[in-house]
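The structure that follows is given in the form of C-alpha coordinates.
Lettered A, B, C and D in written order, each chain numbered from 1.
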Amino acid sequence: MKANYIGDFQEWAKDFAFFIEVRVRFSETDMYGHMNNTVSFTFFEQARIDYFRHLGVLMPSAIDENVAEIPIVADLQCDYVKQVFFDDVLRIYAKIAKVGNSSMDIHYLAKNQHDEVCFTGRGTVVQMDPRTGKSVPLSEEAKTQLASLVFL
Amino acid sequence: MKANYIGDFQEWAKDFAFFIEVRVRFSETDMYGHMNNTVSFTFFEQARIDYFRHLGVLMPSAIDENVAEIPIVADLQCDYVKQVFFDDVLRIYAKIAKVGNSSMDIHYLAKNQHDEVCFTGRGTVVQMDPRTGKSVPLSEEAKTQLASLVFL
Amino acid sequence: MKANYIGDFQEWAKDFAFFIEVRVRFSETDMYGHMNNTVSFTFFEQARIDYFRHLGVLMPSAIDENVAEIPIVADLQCDYVKQVFFDDVLRIYAKIAKVGNSSMDIHYLAKNQHDEVCFTGRGTVVQMDPRTGKSVPLSEEAKTQLASLVFL
Amino acid sequence: MKANYIGDFQEWAKDFAFFIEVRVRFSETDMYGHMNNTVSFTFFEQARIDYFRHLGVLMPSAIDENVAEIPIVADLQCDYVKQVFFDDVLRIYAKIAKVGNSSMDIHYLAKNQHDEVCFTGRGTVVQMDPRTGKSVPLSEEAKTQLASLVFL
(Lines give C-alpha, C1' and ligand atoms only; values in the text may rest on other atoms or scores of the structure.)
Protein backbone atom coordinates (compact mmCIF):
# COMPACT_ATOMS: atom_id res chain seq x y z
CA MET A 1 0.00 0.00 0.00
CA LYS A 2 2.60 2.56 -1.00
CA ALA A 3 1.40 6.17 -1.07
CA ASN A 4 0.82 7.55 -4.58
CA TYR A 5 3.16 10.50 -4.06
CA ILE A 6 6.13 8.19 -3.51
CA GLY A 7 7.92 6.64 -6.47
CA ASP A 8 10.88 4.55 -5.36
CA PHE A 9 10.80 4.70 -1.58
CA GLN A 10 14.58 4.59 -1.07
CA GLU A 11 15.09 7.39 -3.58
CA TRP A 12 12.26 9.39 -2.10
CA ALA A 13 13.47 8.95 1.48
CA LYS A 14 17.10 9.86 0.88
CA ASP A 15 16.23 13.33 -0.48
CA PHE A 16 15.21 14.65 2.93
CA ALA A 17 17.77 16.81 4.69
CA PHE A 18 15.78 18.98 7.11
CA PHE A 19 14.03 17.52 10.16
CA ILE A 20 12.65 18.46 13.55
CA GLU A 21 12.50 16.20 16.57
CA VAL A 22 9.30 15.78 18.57
CA ARG A 23 8.50 13.58 21.54
CA VAL A 24 4.98 12.16 21.66
CA ARG A 25 3.04 13.61 24.60
CA PHE A 26 0.75 11.67 26.90
CA SER A 27 -2.18 13.87 25.82
CA GLU A 28 -1.46 12.90 22.20
CA THR A 29 -2.25 9.24 22.81
CA ASP A 30 -5.77 7.80 22.68
CA MET A 31 -7.58 4.85 24.27
CA TYR A 32 -6.01 2.46 21.74
CA GLY A 33 -2.77 3.11 23.61
CA HIS A 34 -1.00 4.77 20.70
CA MET A 35 -0.62 8.25 19.22
CA ASN A 36 -3.97 9.48 17.92
CA ASN A 37 -3.88 9.69 14.14
CA THR A 38 -4.83 13.37 14.03
CA VAL A 39 -1.55 14.28 15.76
CA SER A 40 0.64 13.59 12.72
CA PHE A 41 -0.79 16.70 11.05
CA THR A 42 0.25 18.84 14.01
CA PHE A 43 3.77 17.49 13.58
CA PHE A 44 3.67 18.20 9.84
CA GLU A 45 2.61 21.78 10.59
CA GLN A 46 5.48 22.27 13.00
CA ALA A 47 8.02 20.73 10.60
CA ARG A 48 6.75 22.86 7.71
CA ILE A 49 6.91 26.11 9.67
CA ASP A 50 10.38 25.33 10.99
CA TYR A 51 11.52 24.36 7.50
CA PHE A 52 10.21 27.62 6.04
CA ARG A 53 11.92 29.55 8.82
CA HIS A 54 15.13 27.66 8.05
CA LEU A 55 14.76 28.69 4.39
CA GLY A 56 13.68 32.23 5.25
CA VAL A 57 10.38 32.03 3.34
CA LEU A 58 6.67 32.11 4.06
CA MET A 59 6.87 32.65 7.81
CA PRO A 60 3.52 32.92 9.59
CA SER A 61 2.77 36.25 11.23
CA ALA A 62 -0.16 37.80 12.99
CA ILE A 63 -2.59 39.14 10.43
CA ASP A 64 -3.22 42.87 10.32
CA GLU A 65 -4.11 45.26 7.52
CA ASN A 66 -0.49 45.47 6.38
CA VAL A 67 0.11 41.78 5.89
CA ALA A 68 -0.03 41.01 2.19
CA GLU A 69 0.65 37.30 2.19
CA ILE A 70 0.38 34.28 4.43
CA PRO A 71 0.97 30.59 3.73
CA ILE A 72 -2.26 28.60 3.57
CA VAL A 73 -2.61 24.82 3.50
CA ALA A 74 -4.55 23.68 0.43
CA ASP A 75 -4.48 19.96 1.16
CA LEU A 76 -2.85 17.44 3.45
CA GLN A 77 -2.46 13.69 3.54
CA CYS A 78 -0.83 11.14 5.78
CA ASP A 79 -0.09 7.45 5.33
CA TYR A 80 0.38 5.48 8.53
CA VAL A 81 3.01 2.76 8.38
CA LYS A 82 3.81 1.83 11.96
CA GLN A 83 2.14 2.59 15.28
CA VAL A 84 3.61 5.40 17.37
CA PHE A 85 3.50 5.38 21.17
CA PHE A 86 3.77 7.73 24.11
CA ASP A 87 7.30 9.04 24.59
CA ASP A 88 8.50 7.92 21.16
CA VAL A 89 10.96 10.42 19.76
CA LEU A 90 10.13 11.15 16.13
CA ARG A 91 12.16 12.85 13.48
CA ILE A 92 9.76 14.67 11.18
CA TYR A 93 11.52 15.31 7.88
CA ALA A 94 10.24 17.89 5.39
CA LYS A 95 11.30 18.65 1.82
CA ILE A 96 10.04 20.67 -1.10
CA ALA A 97 8.82 18.36 -3.83
CA LYS A 98 7.51 20.85 -6.37
CA VAL A 99 7.38 24.62 -6.79
CA GLY A 100 4.46 26.22 -8.60
CA ASN A 101 3.62 29.82 -9.37
CA SER A 102 2.11 30.62 -5.98
CA SER A 103 2.36 27.26 -4.26
CA MET A 104 4.66 24.47 -3.15
CA ASP A 105 4.30 20.79 -2.53
CA ILE A 106 5.87 19.66 0.73
CA HIS A 107 6.59 16.01 1.52
CA TYR A 108 6.99 14.59 5.00
CA LEU A 109 8.61 11.51 6.52
CA ALA A 110 8.44 10.46 10.19
CA LYS A 111 10.89 8.01 11.72
CA ASN A 112 11.03 6.85 15.32
CA GLN A 113 14.05 6.41 17.63
CA HIS A 114 14.73 2.99 16.05
CA ASP A 115 14.94 4.61 12.61
CA GLU A 116 11.71 2.91 11.56
CA VAL A 117 9.37 4.69 9.17
CA CYS A 118 6.17 5.49 11.10
CA PHE A 119 4.26 7.66 8.68
CA THR A 120 4.70 9.70 5.51
CA GLY A 121 2.74 12.60 4.10
CA ARG A 122 2.44 15.48 1.72
CA GLY A 123 0.53 18.69 1.22
CA THR A 124 0.32 21.81 -0.89
CA VAL A 125 0.92 25.23 0.63
CA VAL A 126 -0.34 28.32 -1.21
CA GLN A 127 0.76 31.90 -0.66
CA MET A 128 -2.43 33.89 -0.12
CA ASP A 129 -3.36 37.52 0.44
CA PRO A 130 -5.50 37.47 3.61
CA ARG A 131 -7.24 40.71 2.56
CA THR A 132 -8.51 39.30 -0.73
CA GLY A 133 -8.40 35.52 -0.24
CA LYS A 134 -6.57 35.27 -3.57
CA SER A 135 -3.30 33.46 -4.19
CA VAL A 136 -0.16 35.59 -4.53
CA PRO A 137 2.67 34.53 -6.88
CA LEU A 138 5.96 33.65 -5.20
CA SER A 139 8.71 36.11 -6.05
CA GLU A 140 11.13 35.04 -8.80
CA GLU A 141 13.86 35.02 -6.18
CA ALA A 142 11.90 32.71 -3.88
CA LYS A 143 10.93 30.44 -6.78
CA THR A 144 14.54 30.08 -7.87
CA GLN A 145 15.70 29.43 -4.32
CA LEU A 146 12.97 26.88 -3.63
CA ALA A 147 13.28 25.15 -7.00
CA SER A 148 16.98 24.59 -6.33
CA LEU A 149 15.97 22.45 -3.34
CA VAL A 150 13.79 20.07 -5.34
CA PHE A 151 15.41 16.72 -6.08
CA LEU A 152 14.34 15.05 -9.27
CA MET B 1 -11.48 16.48 49.03
CA LYS B 2 -14.08 19.13 48.28
CA ALA B 3 -12.92 22.05 46.15
CA ASN B 4 -12.37 25.27 48.10
CA TYR B 5 -14.76 27.27 45.91
CA ILE B 6 -17.69 25.06 46.88
CA GLY B 7 -19.47 25.59 50.19
CA ASP B 8 -22.40 23.23 50.58
CA PHE B 9 -22.30 21.06 47.48
CA GLN B 10 -26.07 20.61 47.14
CA GLU B 11 -26.64 24.33 47.45
CA TRP B 12 -23.84 25.07 45.05
CA ALA B 13 -25.02 22.55 42.48
CA LYS B 14 -28.67 23.58 42.44
CA ASP B 15 -27.87 27.17 41.39
CA PHE B 16 -26.83 26.17 37.88
CA ALA B 17 -29.41 26.79 35.17
CA PHE B 18 -27.44 27.06 31.92
CA PHE B 19 -25.65 24.07 30.39
CA ILE B 20 -24.27 22.78 27.12
CA GLU B 21 -24.07 19.16 26.08
CA VAL B 22 -20.85 17.65 24.73
CA ARG B 23 -20.01 14.11 23.71
CA VAL B 24 -16.45 12.97 24.46
CA ARG B 25 -14.55 12.35 21.24
CA PHE B 26 -12.22 9.45 20.60
CA SER B 27 -9.32 11.88 20.10
CA GLU B 28 -10.04 13.31 23.56
CA THR B 29 -9.20 10.04 25.29
CA ASP B 30 -5.67 9.01 26.27
CA MET B 31 -3.82 5.74 26.79
CA TYR B 32 -5.37 5.35 30.25
CA GLY B 33 -8.60 4.69 28.37
CA HIS B 34 -10.41 7.75 29.69
CA MET B 35 -10.82 11.42 28.76
CA ASN B 36 -7.51 13.22 29.04
CA ASN B 37 -7.63 15.67 31.91
CA THR B 38 -6.72 18.67 29.76
CA VAL B 39 -10.00 18.31 27.85
CA SER B 40 -12.20 19.58 30.70
CA PHE B 41 -10.81 23.07 30.12
CA THR B 42 -11.88 22.97 26.48
CA PHE B 43 -15.37 22.11 27.64
CA PHE B 44 -15.30 24.95 30.19
CA GLU B 45 -14.29 27.34 27.42
CA GLN B 46 -17.17 26.25 25.22
CA ALA B 47 -19.68 26.43 28.06
CA ARG B 48 -18.45 29.89 29.06
CA ILE B 49 -18.65 31.28 25.54
CA ASP B 50 -22.10 29.83 24.98
CA TYR B 51 -23.25 31.16 28.33
CA PHE B 52 -21.98 34.66 27.50
CA ARG B 53 -23.71 34.48 24.14
CA HIS B 54 -26.90 33.42 25.92
CA LEU B 55 -26.55 36.45 28.20
CA GLY B 56 -25.52 38.75 25.36
CA VAL B 57 -22.24 39.79 27.00
CA LEU B 58 -18.51 39.46 26.36
CA MET B 59 -18.71 37.62 23.04
CA PRO B 60 -15.35 36.82 21.46
CA SER B 61 -14.63 38.47 18.16
CA ALA B 62 -11.70 38.65 15.80
CA ILE B 63 -9.31 41.30 17.01
CA ASP B 64 -8.76 44.35 14.85
CA GLU B 65 -7.88 47.94 15.62
CA ASN B 66 -11.50 48.78 16.38
CA VAL B 67 -12.07 46.11 19.02
CA ALA B 68 -11.96 47.79 22.42
CA GLU B 69 -12.60 44.81 24.68
CA ILE B 70 -12.26 41.06 24.73
CA PRO B 71 -12.80 38.53 27.52
CA ILE B 72 -9.54 37.09 28.84
CA VAL B 73 -9.13 34.14 31.17
CA ALA B 74 -7.20 35.12 34.31
CA ASP B 75 -7.22 31.73 35.99
CA LEU B 76 -8.81 28.31 35.69
CA GLN B 77 -9.13 25.26 37.90
CA CYS B 78 -10.71 21.87 37.68
CA ASP B 79 -11.41 19.20 40.28
CA TYR B 80 -11.85 15.68 38.94
CA VAL B 81 -14.44 13.58 40.73
CA LYS B 82 -15.21 10.67 38.43
CA GLN B 83 -13.54 9.28 35.32
CA VAL B 84 -15.03 10.22 31.97
CA PHE B 85 -14.92 7.90 28.97
CA PHE B 86 -15.20 7.96 25.20
CA ASP B 87 -18.74 8.67 24.05
CA ASP B 88 -19.95 9.85 27.45
CA VAL B 89 -22.43 12.66 27.05
CA LEU B 90 -21.64 15.44 29.49
CA ARG B 91 -23.71 18.38 30.57
CA ILE B 92 -21.35 21.26 31.29
CA TYR B 93 -23.12 23.74 33.52
CA ALA B 94 -21.89 27.31 33.94
CA LYS B 95 -22.96 30.06 36.31
CA ILE B 96 -21.75 33.46 37.40
CA ALA B 97 -20.51 33.30 40.98
CA LYS B 98 -19.25 36.84 41.47
CA VAL B 99 -19.17 40.09 39.51
CA GLY B 100 -16.27 42.50 39.98
CA ASN B 101 -15.50 45.84 38.41
CA SER B 102 -13.97 44.43 35.22
CA SER B 103 -14.19 40.70 35.88
CA MET B 104 -16.44 37.80 36.71
CA ASP B 105 -16.02 34.50 38.45
CA ILE B 106 -17.57 31.61 36.55
CA HIS B 107 -18.23 28.22 38.15
CA TYR B 108 -18.59 24.97 36.24
CA LEU B 109 -20.16 21.58 36.91
CA ALA B 110 -19.95 18.53 34.63
CA LYS B 111 -22.37 15.62 34.90
CA ASN B 112 -22.49 12.51 32.75
CA GLN B 113 -25.48 10.72 31.21
CA HIS B 114 -26.12 8.96 34.53
CA ASP B 115 -26.37 12.34 36.27
CA GLU B 116 -23.12 11.64 38.13
CA VAL B 117 -20.82 14.56 38.93
CA CYS B 118 -17.62 14.06 36.91
CA PHE B 119 -15.75 17.28 37.51
CA THR B 120 -16.24 20.81 38.79
CA GLY B 121 -14.32 23.99 38.14
CA ARG B 122 -14.06 27.74 38.30
CA GLY B 123 -12.20 30.61 36.73
CA THR B 124 -12.05 34.38 36.51
CA VAL B 125 -12.69 36.17 33.23
CA VAL B 126 -11.49 39.75 32.81
CA GLN B 127 -12.64 42.26 30.21
CA MET B 128 -9.47 43.54 28.56
CA ASP B 129 -8.59 46.10 25.91
CA PRO B 130 -6.43 44.17 23.42
CA ARG B 131 -4.74 47.39 22.29
CA THR B 132 -3.46 48.29 25.74
CA GLY B 133 -3.51 45.00 27.63
CA LYS B 134 -5.36 46.79 30.44
CA SER B 135 -8.61 45.69 32.05
CA VAL B 136 -11.77 47.55 31.04
CA PRO B 137 -14.59 48.09 33.56
CA LEU B 138 -17.85 46.35 32.78
CA SER B 139 -20.67 48.78 31.97
CA GLU B 140 -23.09 49.54 34.82
CA GLU B 141 -25.80 47.91 32.76
CA ALA B 142 -23.78 44.72 32.34
CA LYS B 143 -22.81 44.66 36.00
CA THR B 144 -26.42 44.99 37.10
CA GLN B 145 -27.54 42.31 34.68
CA LEU B 146 -24.77 39.91 35.67
CA ALA B 147 -25.07 40.55 39.39
CA SER B 148 -28.76 39.65 39.23
CA LEU B 149 -27.71 36.18 38.15
CA VAL B 150 -25.50 35.51 41.16
CA PHE B 151 -27.08 33.29 43.78
CA LEU B 152 -26.00 33.93 47.33
CA MET C 1 -7.53 21.80 -8.00
CA LYS C 2 -10.13 19.06 -7.59
CA ALA C 3 -9.14 16.21 -5.30
CA ASN C 4 -8.15 13.03 -7.13
CA TYR C 5 -10.69 10.88 -5.29
CA ILE C 6 -13.57 12.91 -6.67
CA GLY C 7 -14.84 12.28 -10.18
CA ASP C 8 -17.82 14.45 -10.99
CA PHE C 9 -18.29 16.62 -7.91
CA GLN C 10 -22.10 16.82 -8.12
CA GLU C 11 -22.38 13.05 -8.48
CA TRP C 12 -19.90 12.50 -5.70
CA ALA C 13 -21.59 14.95 -3.33
CA LYS C 14 -25.13 13.67 -3.78
CA ASP C 15 -24.26 10.14 -2.62
CA PHE C 16 -23.79 11.20 0.99
CA ALA C 17 -26.67 10.43 3.31
CA PHE C 18 -25.17 10.26 6.80
CA PHE C 19 -23.79 13.34 8.57
CA ILE C 20 -22.96 14.70 11.98
CA GLU C 21 -23.13 18.33 13.02
CA VAL C 22 -20.24 20.04 14.80
CA ARG C 23 -19.75 23.61 15.90
CA VAL C 24 -16.22 24.98 15.65
CA ARG C 25 -14.81 25.68 19.10
CA PHE C 26 -12.79 28.73 20.07
CA SER C 27 -9.84 26.48 20.96
CA GLU C 28 -9.98 25.03 17.43
CA THR C 29 -9.11 28.35 15.81
CA ASP C 30 -5.54 29.58 15.34
CA MET C 31 -3.84 32.98 15.06
CA TYR C 32 -4.92 33.29 11.42
CA GLY C 33 -8.41 33.73 12.83
CA HIS C 34 -9.83 30.58 11.29
CA MET C 35 -10.16 26.88 12.16
CA ASN C 36 -6.71 25.29 12.36
CA ASN C 37 -6.28 22.83 9.50
CA THR C 38 -5.50 19.88 11.78
CA VAL C 39 -9.03 20.04 13.21
CA SER C 40 -10.72 18.65 10.10
CA PHE C 41 -9.22 15.26 10.87
CA THR C 42 -10.78 15.27 14.33
CA PHE C 43 -14.13 15.92 12.69
CA PHE C 44 -13.53 13.12 10.19
CA GLU C 45 -12.77 10.75 13.08
CA GLN C 46 -15.98 11.67 14.87
CA ALA C 47 -18.07 11.34 11.69
CA ARG C 48 -16.50 7.97 10.90
CA ILE C 49 -17.10 6.55 14.37
CA ASP C 50 -20.68 7.79 14.43
CA TYR C 51 -21.27 6.40 10.96
CA PHE C 52 -19.91 3.00 11.97
CA ARG C 53 -22.09 3.05 15.06
CA HIS C 54 -25.07 3.92 12.88
CA LEU C 55 -24.22 0.93 10.67
CA GLY C 56 -23.44 -1.31 13.64
CA VAL C 57 -19.91 -2.15 12.47
CA LEU C 58 -16.34 -1.57 13.60
CA MET C 59 -17.09 0.23 16.86
CA PRO C 60 -14.05 1.23 18.87
CA SER C 61 -13.70 -0.39 22.27
CA ALA C 62 -11.14 -0.40 25.02
CA ILE C 63 -8.45 -2.89 24.16
CA ASP C 64 -8.01 -5.90 26.40
CA GLU C 65 -6.83 -9.45 25.79
CA ASN C 66 -10.26 -10.48 24.51
CA VAL C 67 -10.59 -7.86 21.82
CA ALA C 68 -9.89 -9.50 18.47
CA GLU C 69 -10.37 -6.57 16.13
CA ILE C 70 -10.27 -2.80 16.11
CA PRO C 71 -10.58 -0.30 13.24
CA ILE C 72 -7.26 1.33 12.38
CA VAL C 73 -6.73 4.31 10.10
CA ALA C 74 -4.32 3.47 7.27
CA ASP C 75 -4.32 6.87 5.59
CA LEU C 76 -6.13 10.18 5.64
CA GLN C 77 -6.36 13.19 3.40
CA CYS C 78 -8.16 16.50 3.40
CA ASP C 79 -8.65 19.13 0.70
CA TYR C 80 -9.49 22.60 1.96
CA VAL C 81 -11.94 24.55 -0.18
CA LYS C 82 -13.19 27.40 1.98
CA GLN C 83 -12.06 28.88 5.27
CA VAL C 84 -13.94 27.83 8.39
CA PHE C 85 -14.38 30.15 11.37
CA PHE C 86 -15.18 30.05 15.06
CA ASP C 87 -18.81 29.12 15.72
CA ASP C 88 -19.44 27.89 12.19
CA VAL C 89 -21.78 24.92 12.25
CA LEU C 90 -20.49 22.20 9.97
CA ARG C 91 -22.20 19.15 8.62
CA ILE C 92 -19.59 16.43 8.25
CA TYR C 93 -20.87 13.85 5.80
CA ALA C 94 -19.39 10.35 5.58
CA LYS C 95 -19.95 7.55 3.09
CA ILE C 96 -18.38 4.24 2.20
CA ALA C 97 -16.68 4.50 -1.17
CA LYS C 98 -15.13 1.04 -1.46
CA VAL C 99 -15.12 -2.22 0.49
CA GLY C 100 -12.05 -4.43 0.45
CA ASN C 101 -11.29 -7.72 2.15
CA SER C 102 -10.31 -6.23 5.50
CA SER C 103 -10.65 -2.54 4.78
CA MET C 104 -12.95 0.23 3.65
CA ASP C 105 -12.52 3.57 1.94
CA ILE C 106 -14.48 6.35 3.61
CA HIS C 107 -15.13 9.68 1.93
CA TYR C 108 -15.95 12.91 3.75
CA LEU C 109 -17.62 16.19 2.85
CA ALA C 110 -17.93 19.24 5.12
CA LYS C 111 -20.45 22.01 4.50
CA ASN C 112 -21.05 25.10 6.61
CA GLN C 113 -24.34 26.69 7.72
CA HIS C 114 -24.63 28.42 4.32
CA ASP C 115 -24.42 25.04 2.57
CA GLU C 116 -20.99 25.92 1.18
CA VAL C 117 -18.42 23.17 0.72
CA CYS C 118 -15.57 23.87 3.18
CA PHE C 119 -13.44 20.76 2.84
CA THR C 120 -13.53 17.22 1.52
CA GLY C 121 -11.53 14.15 2.44
CA ARG C 122 -11.02 10.44 2.36
CA GLY C 123 -9.21 7.67 4.17
CA THR C 124 -8.86 3.93 4.43
CA VAL C 125 -9.83 2.08 7.59
CA VAL C 126 -8.47 -1.41 8.20
CA GLN C 127 -9.82 -3.99 10.62
CA MET C 128 -6.83 -5.09 12.71
CA ASP C 129 -6.17 -7.60 15.47
CA PRO C 130 -4.51 -5.54 18.22
CA ARG C 131 -2.79 -8.67 19.60
CA THR C 132 -0.99 -9.47 16.36
CA GLY C 133 -0.99 -6.17 14.45
CA LYS C 134 -2.30 -8.05 11.41
CA SER C 135 -5.35 -7.17 9.38
CA VAL C 136 -8.51 -9.22 9.94
CA PRO C 137 -10.92 -9.92 7.07
CA LEU C 138 -14.37 -8.39 7.38
CA SER C 139 -17.09 -10.99 7.81
CA GLU C 140 -19.04 -11.91 4.66
CA GLU C 141 -22.10 -10.44 6.33
CA ALA C 142 -20.39 -7.13 7.01
CA LYS C 143 -18.92 -7.02 3.51
CA THR C 144 -22.31 -7.57 1.93
CA GLN C 145 -23.93 -4.95 4.15
CA LEU C 146 -21.20 -2.39 3.55
CA ALA C 147 -20.96 -3.04 -0.18
CA SER C 148 -24.67 -2.38 -0.52
CA LEU C 149 -24.01 1.17 0.67
CA VAL C 150 -21.46 1.97 -2.02
CA PHE C 151 -22.80 4.09 -4.85
CA LEU C 152 -21.21 3.48 -8.21
CA MET D 1 -4.19 38.77 42.12
CA LYS D 2 -1.56 36.38 43.45
CA ALA D 3 -2.52 32.72 43.38
CA ASN D 4 -3.50 31.32 46.78
CA TYR D 5 -0.92 28.50 46.60
CA ILE D 6 1.94 30.99 46.45
CA GLY D 7 3.21 32.65 49.62
CA ASP D 8 6.17 34.90 48.91
CA PHE D 9 6.62 34.75 45.15
CA GLN D 10 10.42 35.10 45.16
CA GLU D 11 10.76 32.33 47.75
CA TRP D 12 8.28 30.17 45.89
CA ALA D 13 9.93 30.70 42.52
CA LYS D 14 13.50 30.01 43.61
CA ASP D 15 12.67 26.48 44.86
CA PHE D 16 12.21 25.11 41.35
CA ALA D 17 15.11 23.11 39.97
CA PHE D 18 13.62 20.85 37.30
CA PHE D 19 12.22 22.22 34.04
CA ILE D 20 11.38 21.20 30.49
CA GLU D 21 11.51 23.45 27.47
CA VAL D 22 8.59 23.70 25.03
CA ARG D 23 8.07 25.86 21.98
CA VAL D 24 4.53 27.06 21.37
CA ARG D 25 3.11 25.51 18.21
CA PHE D 26 1.05 27.32 15.60
CA SER D 27 -1.85 24.95 16.28
CA GLU D 28 -1.70 25.94 19.96
CA THR D 29 -2.64 29.55 19.23
CA ASP D 30 -6.22 30.77 18.86
CA MET D 31 -7.97 33.61 17.04
CA TYR D 32 -6.92 36.08 19.75
CA GLY D 33 -3.42 35.63 18.33
CA HIS D 34 -1.96 34.08 21.47
CA MET D 35 -1.59 30.62 23.01
CA ASN D 36 -5.01 29.19 23.85
CA ASN D 37 -5.42 28.95 27.60
CA THR D 38 -6.14 25.22 27.59
CA VAL D 39 -2.61 24.53 26.33
CA SER D 40 -0.91 25.34 29.65
CA PHE D 41 -2.37 22.15 31.11
CA THR D 42 -0.79 20.09 28.33
CA PHE D 43 2.55 21.64 29.23
CA PHE D 44 1.98 20.92 32.94
CA GLU D 45 1.24 17.28 32.06
CA GLN D 46 4.45 16.97 30.07
CA ALA D 47 6.53 18.65 32.78
CA ARG D 48 5.00 16.44 35.48
CA ILE D 49 5.64 13.22 33.58
CA ASP D 50 9.20 14.20 32.76
CA TYR D 51 9.79 15.22 36.35
CA PHE D 52 8.49 11.89 37.63
CA ARG D 53 10.67 10.07 35.13
CA HIS D 54 13.63 12.14 36.33
CA LEU D 55 12.82 11.07 39.91
CA GLY D 56 12.07 7.50 38.92
CA VAL D 57 8.55 7.48 40.35
CA LEU D 58 4.98 7.19 39.12
CA MET D 59 5.73 6.67 35.43
CA PRO D 60 2.68 6.20 33.21
CA SER D 61 2.38 2.86 31.49
CA ALA D 62 -0.15 1.14 29.34
CA ILE D 63 -2.83 -0.36 31.56
CA ASP D 64 -3.23 -4.10 31.61
CA GLU D 65 -4.37 -6.55 34.25
CA ASN D 66 -0.93 -6.55 35.89
CA VAL D 67 -0.64 -2.84 36.44
CA ALA D 68 -1.35 -2.10 40.09
CA GLU D 69 -0.91 1.64 40.16
CA ILE D 70 -1.05 4.64 37.90
CA PRO D 71 -0.80 8.36 38.66
CA ILE D 72 -4.14 10.16 38.35
CA VAL D 73 -4.71 13.89 38.37
CA ALA D 74 -7.12 14.91 41.13
CA ASP D 75 -7.18 18.63 40.42
CA LEU D 76 -5.40 21.25 38.36
CA GLN D 77 -5.25 25.02 38.30
CA CYS D 78 -3.48 27.66 36.30
CA ASP D 79 -3.04 31.40 36.84
CA TYR D 80 -2.24 33.40 33.72
CA VAL D 81 0.17 36.27 34.23
CA LYS D 82 1.39 37.25 30.77
CA GLN D 83 0.25 36.42 27.27
CA VAL D 84 2.17 33.71 25.41
CA PHE D 85 2.60 33.74 21.63
CA PHE D 86 3.42 31.43 18.76
CA ASP D 87 7.04 30.34 18.79
CA ASP D 88 7.69 31.52 22.34
CA VAL D 89 10.07 29.15 24.08
CA LEU D 90 8.81 28.37 27.55
CA ARG D 91 10.54 26.77 30.48
CA ILE D 92 7.96 24.81 32.43
CA TYR D 93 9.28 24.25 35.95
CA ALA D 94 7.84 21.60 38.24
CA LYS D 95 8.43 20.89 41.93
CA ILE D 96 6.91 18.78 44.65
CA ALA D 97 5.18 21.01 47.16
CA LYS D 98 3.69 18.43 49.52
CA VAL D 99 3.73 14.65 49.93
CA GLY D 100 0.69 12.86 51.32
CA ASN D 101 -0.03 9.22 51.98
CA SER D 102 -1.01 8.34 48.43
CA SER D 103 -0.72 11.74 46.73
CA MET D 104 1.54 14.64 45.95
CA ASP D 105 1.04 18.32 45.28
CA ILE D 106 2.98 19.55 42.26
CA HIS D 107 3.57 23.23 41.57
CA TYR D 108 4.37 24.70 38.16
CA LEU D 109 5.97 27.87 36.87
CA ALA D 110 6.26 28.92 33.21
CA LYS D 111 8.74 31.52 32.02
CA ASN D 112 9.32 32.71 28.47
CA GLN D 113 12.59 33.33 26.60
CA HIS D 114 12.85 36.77 28.24
CA ASP D 115 12.68 35.16 31.69
CA GLU D 116 9.23 36.66 32.27
CA VAL D 117 6.68 34.73 34.33
CA CYS D 118 3.85 33.75 31.98
CA PHE D 119 1.74 31.44 34.12
CA THR D 120 1.87 29.44 37.33
CA GLY D 121 -0.08 26.42 38.45
CA ARG D 122 -0.55 23.53 40.79
CA GLY D 123 -2.30 20.19 41.03
CA THR D 124 -2.60 17.06 43.11
CA VAL D 125 -1.59 13.68 41.71
CA VAL D 126 -2.90 10.53 43.35
CA GLN D 127 -1.52 7.02 42.98
CA MET D 128 -4.48 4.84 42.01
CA ASP D 129 -5.10 1.17 41.34
CA PRO D 130 -6.79 1.10 37.92
CA ARG D 131 -8.44 -2.24 38.74
CA THR D 132 -10.24 -0.92 41.81
CA GLY D 133 -10.31 2.84 41.31
CA LYS D 134 -8.97 3.21 44.87
CA SER D 135 -5.94 5.20 45.91
CA VAL D 136 -2.75 3.25 46.70
CA PRO D 137 -0.34 4.48 49.41
CA LEU D 138 3.08 5.56 48.20
CA SER D 139 5.84 3.26 49.42
CA GLU D 140 7.80 4.47 52.47
CA GLU D 141 10.84 4.67 50.25
CA ALA D 142 9.07 6.86 47.70
CA LYS D 143 7.59 9.06 50.41
CA THR D 144 11.00 9.61 51.98
CA GLN D 145 12.58 10.38 48.64
CA LEU D 146 9.82 12.75 47.57
CA ALA D 147 9.55 14.49 50.95
CA SER D 148 13.26 15.27 50.79
CA LEU D 149 12.55 17.35 47.69
CA VAL D 150 9.98 19.58 49.35
CA PHE D 151 11.25 23.03 50.26
CA LEU D 152 9.61 24.66 53.24
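The criterion applied here is as follows: a contact is a pair of C-beta atoms (placed from the backbone, for glycine too) under 8 Å apart; a residue touches a chain by one contact, two chains touch by 3 or more.
Nothing here was measured: the structure is a model prediction, and the numbers come from that model.
Averaging Cα atoms per chain gives one point for each, and the point farthest from that of subunit B is the centre of A. Where the sister copies subunit A and subunit B meet, the same residue numbers recur on both sides for over half of the interface positions.
More contacting C-beta pairs link the chains of B-D than the other of the two pairs B-D and A-D. If you average the CA atoms of subunit A and of subunit D, the two centres end up 31 Å from each other. Subunit A and subunit B have Cα centroids separated by 36 Å.
For the pair subunit B and subunit D, the distance between C-alpha centroids works out to 22 Å. Among the residues of subunit D, those touching two or more other chains are numbered 26-27, 31, 33, 38, 42, 45, 60, 62, 86. Contact residues on subunit C toward subunit B in their complex (touch as defined above): 25-27, 33, 42, 45-46, 49, 60, 62, 86.
Within the complex, the subunit B residues that touch subunit D are 1, 3-4, 31-33, 37-38, 41-42, 45, 60, 62-63, 70, 72-80, 83, 124, 130, 133.
Residues of subunit C that touch subunit D in their complex: 26-27, 29-34, 36, 38, 64-65, 86.
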